[in-house]
Amino acid sequence: MEQTAILLLHCPDKQGIITEITKFITDNKGNIVYLDQYVDKVDGMFFMRIEWELKEFLIPNDKISEYITTLYGQRYELHFNLYFNSVKPRMALFVSKMSHCLYDLLARYKAGELNIDIPCIVSNHEDLRYVAEQFGIPYYVWSIKKDWSNKAEVEAAEMELLRKERVTFIVLARYMQIISEEMIKSFPNRIINIHHSFLPAFIGAKPYHQAYERGVKIIGATSHYVTTELDAGPIIEQDVVRITHKDTPESLVLKGKDLEKIVLSRAVKKHVERKILTYKNKTIIFS
Amino acid sequence: MEQTAILLLHCPDKQGIITEITKFITDNKGNIVYLDQYVDKVDGMFFMRIEWELKEFLIPNDKISEYITTLYGQRYELHFNLYFNSVKPRMALFVSKMSHCLYDLLARYKAGELNIDIPCIVSNHEDLRYVAEQFGIPYYVWSIKKDWSNKAEVEAAEMELLRKERVTFIVLARYMQIISEEMIKSFPNRIINIHHSFLPAFIGAKPYHQAYERGVKIIGATSHYVTTELDAGPIIEQDVVRITHKDTPESLVLKGKDLEKIVLSRAVKKHVERKILTYKNKTIIFS
Amino acid sequence: MEQTAILLLHCPDKQGIITEITKFITDNKGNIVYLDQYVDKVDGMFFMRIEWELKEFLIPNDKISEYITTLYGQRYELHFNLYFNSVKPRMALFVSKMSHCLYDLLARYKAGELNIDIPCIVSNHEDLRYVAEQFGIPYYVWSIKKDWSNKAEVEAAEMELLRKERVTFIVLARYMQIISEEMIKSFPNRIINIHHSFLPAFIGAKPYHQAYERGVKIIGATSHYVTTELDAGPIIEQDVVRITHKDTPESLVLKGKDLEKIVLSRAVKKHVERKILTYKNKTIIFS
Amino acid sequence: MEQTAILLLHCPDKQGIITEITKFITDNKGNIVYLDQYVDKVDGMFFMRIEWELKEFLIPNDKISEYITTLYGQRYELHFNLYFNSVKPRMALFVSKMSHCLYDLLARYKAGELNIDIPCIVSNHEDLRYVAEQFGIPYYVWSIKKDWSNKAEVEAAEMELLRKERVTFIVLARYMQIISEEMIKSFPNRIINIHHSFLPAFIGAKPYHQAYERGVKIIGATSHYVTTELDAGPIIEQDVVRITHKDTPESLVLKGKDLEKIVLSRAVKKHVERKILTYKNKTIIFS
């Protein structure tokens, strides 16, 4: 695999920004292999994802950020992130009792669909240890008490693990616990959750039962970045499936599971490929 | 077209009900051409739609209801409605300024897709009179003042028209006014609305703008019977379309219009064909 | 779980069939828990699925078939199959090199979504042995030579295994080999295949490449029963996903894999629940 | 509405092309309001759509083409088309007996959704004259004999009309006749057809009957540019709807009509907005 750099940026929309950035890369002998941009006309903002091969690039990897900041940072009020495809994202999986999202992600990982490392799986229950063992991934259990009396302690231990394992993003694969504000702030736009409804419909607990009660004809699933407001973070991906009056809460759960795992996996894939930009609690998803 | 009777019924689920009803029809020389039933196991309720040809049926049309009530009413705690396909539903259309749902329904009507009469179109604006005139349907305008000071008066006039024209159901084809409780109660489960969101997400005004603000990846439309609680009546039909970050509120409106007209027309068709049963604020839709 | 009998039947449509069959079950103290029927008016055929609890049923399990044949067989020209929910279907999985459908089925099996036994996984390659081992299921490899010189021999060995393991149906989970006529005839409507296109578009090899070449805007997957004509058996389930000009053959393969596994699993579930009737190379799928 | 120029181009992919074109426009005081590009890596081709405001643009409208040809034509092996949003496309509608696509397009036209003129509607039957009259658009009928003995003559008359009315593109809104090679060549990638199946499945006549016979679980509709090979031109848009074994050929036709009109209208809209590039019998659809 050819080594590449990936630049995700946004700034106020000004003429010339594409020209300058592409010229900067080309002049320094970078071969551009991907360029996609988007202008939000409502807010007057410019967003771009650009990727180039590093083989003959004249600027060393550890200087690229500095150059971009110096040359364009102030002039264009630029916000950017720089990634290298040679640095694999390290994903921690948080699970509870249901295995469908976990299996789906691990099966893709094993089939080489996701360019990541998975150093650990974290849970508040022993139930899914056998899955972790099937795939040879360390499984950590910290039980959170119903009265949350040990929640701070548990999260401290989890944070310690995440640091030790140099985890770069977290996936809540039907982890049925609230994440504390502190952990969320340590992983801004780097905790991906799957909510089992078509948000913003049916926020909170038991969305399939809510959907059953309301008598909707379509149910959905939503993958989003976790923010401190419950189920209100930037939406990455959604999908739906048609239901009928014949569906029970139980059959909704089964149909929903198929949605959840596909929607979550699509979101994880986009995140890992550095194709998501977040702005004003919304996502720009590059193709 | 062969003349038929259509019986829509529900009752507590007891063994024997299908056997008895089908035997009643067959013994009296009715030829059953449609039968669909559904058991709600959560509530223990039985629902059925049965349709039979009347050509050789021994019981006269105006006595069928009486017979069913006498023979099965009390014994099965039966609720039922009886329709004849020879009696066309009479639909009043309520519109405001947007033509897409109106054109869609009138084009189907003209093409013979809907077995109905349309005696009148009602609006609070003159804007769509030209459409009514294109199709030769009387168009009535009553302007409702912003302070609603004449609302009671307008609704009284509308009710008078609906009575005079023997209207059996109302379709709000993007009629942007609240219907009064009195009118709703005069047409229970017989006012069909199209809401331009995937309910229960984005209840109330400007749902496309709400969807844009929230950054959803899919938008929807919902057709439902109108009840006194805003956008909370039994849902008949929903559909969705995928959107991206590139969509503006304006492009959402355009995409949504295509959903709205299809979803509303499907709901009207199901209603006209007597394929909808309403129970506990939900619909059973027979196929 | 309550023990039940499931009767799947079809016959020429005659008045009285529902009445008689439901009366037969009720009179013999069977409690009907499911009834769905369908009349094909084009062909004048009647189809029904009926399920009842056996606890107090007066006819012993091994006599039910005989009674139905005697009482209704000739009179109604009845074709029927009788199943008991206490008898688990035994599924053999045939795989090749791709793991996505295999993982998806095994994860569901492990989560208790499928009421089956899986006595064996068969392949022409060693590649997926590790998956079988993760789940503790025997894995058999028979390599078929490119010139098919050992094909008869391999199939004989496979048939021997299937007999020994009392396999009742076969799932081709992206098994890239042609099944011989003999094996197909031994498992009529009991071999389920997943074809990676929206049949009948793109029959045969490399459908995603065919789709790319044709420039379609939507791709699909199709699960069907295997018949002796390639990709032409009764379709059980299909689904689709939208693509764009930006998709390459490789990205189509990835998007398609998500479709394939969901579509195949839905088909297997319907088959296992005895909800599929096959007639004239088409399926009736009960809900 | 601000006046703009729209440039649709493709050429072999070379570094610098975006930079040069955007610089050319910006240097000449054009304000870029839209830019989207795409690189086909399989073929090594670059595609771009760029739109800019003309208010202060230094090059006169009738010279822009010449400048682009001179400056970039040979150097980049450029193929391009230049449009001005002030020049409305002139659409001829060809219809037969079914009104749904015709009504849908005319309703949008009337609602201001399509920035076009419609100088004429052409048919081989009188059936839809009333629709044309509702909208005040001239309606021309030329009956083609079953033995095609007058086909050349009819097409000559049609071509004469198209020339006289300066028609720039043709929409076959369920026009059930084969278009001659000569007419197709006069309107390359400017005749849009709606085929009532999910192409390439069910090419040719009576696709809904073919779909019914095959027992598919989803039907579709396809809008494409007409080429000399039947139903094989570049696909612009497709969509699908789920069906069941309960659907008859007649209900498929009804469900399909909803698809057809939406799919055709989406294609027409993209064409009118100059968002379609055709290359190698496929379309690039800009967003």
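Going in written order, the chains are labelled A, B, C and D, and every chain counts its residues from 1.
As a working rule, contacts are C-beta pairs under 8 Å (C-beta built on N, C-alpha and C of every residue); 3 or more make two chains touch, one makes a residue touch a chain.
Quick caveat: nothing in here was measured; it's all calculated off a predicted structure.
Farthest chain from chain A, judged by C-alpha centroids: B. Two chain pairs are in question, B-D and C-D; the one with more C-beta pairs in contact is C-D.
Chain B and chain D have Cα centroids lying 36 Å from one another.
Taking each chain's centre as the mean of its C-alpha atoms, chain C lies 42 Å from chain D. Residue positions of chain A touching 2 or more other chains: 244, 246. For chain D in complex with chain C, the touching residues are 38, 40-42, 198-202, 214-218, 220, 234-240, 244-246, 248-249, 281-285. Chain A meets chain C in the complex at residues 98-100, 103-104, 107-108, 110-111, 113, 134-135, 244, 246, 254, 258, 262, 265-266, 287. Those residues of chain B lying in contact with chain C across their complex are 15-16, 18-19, 22-23, 26, 31-32, 35, 37, 39, 242.
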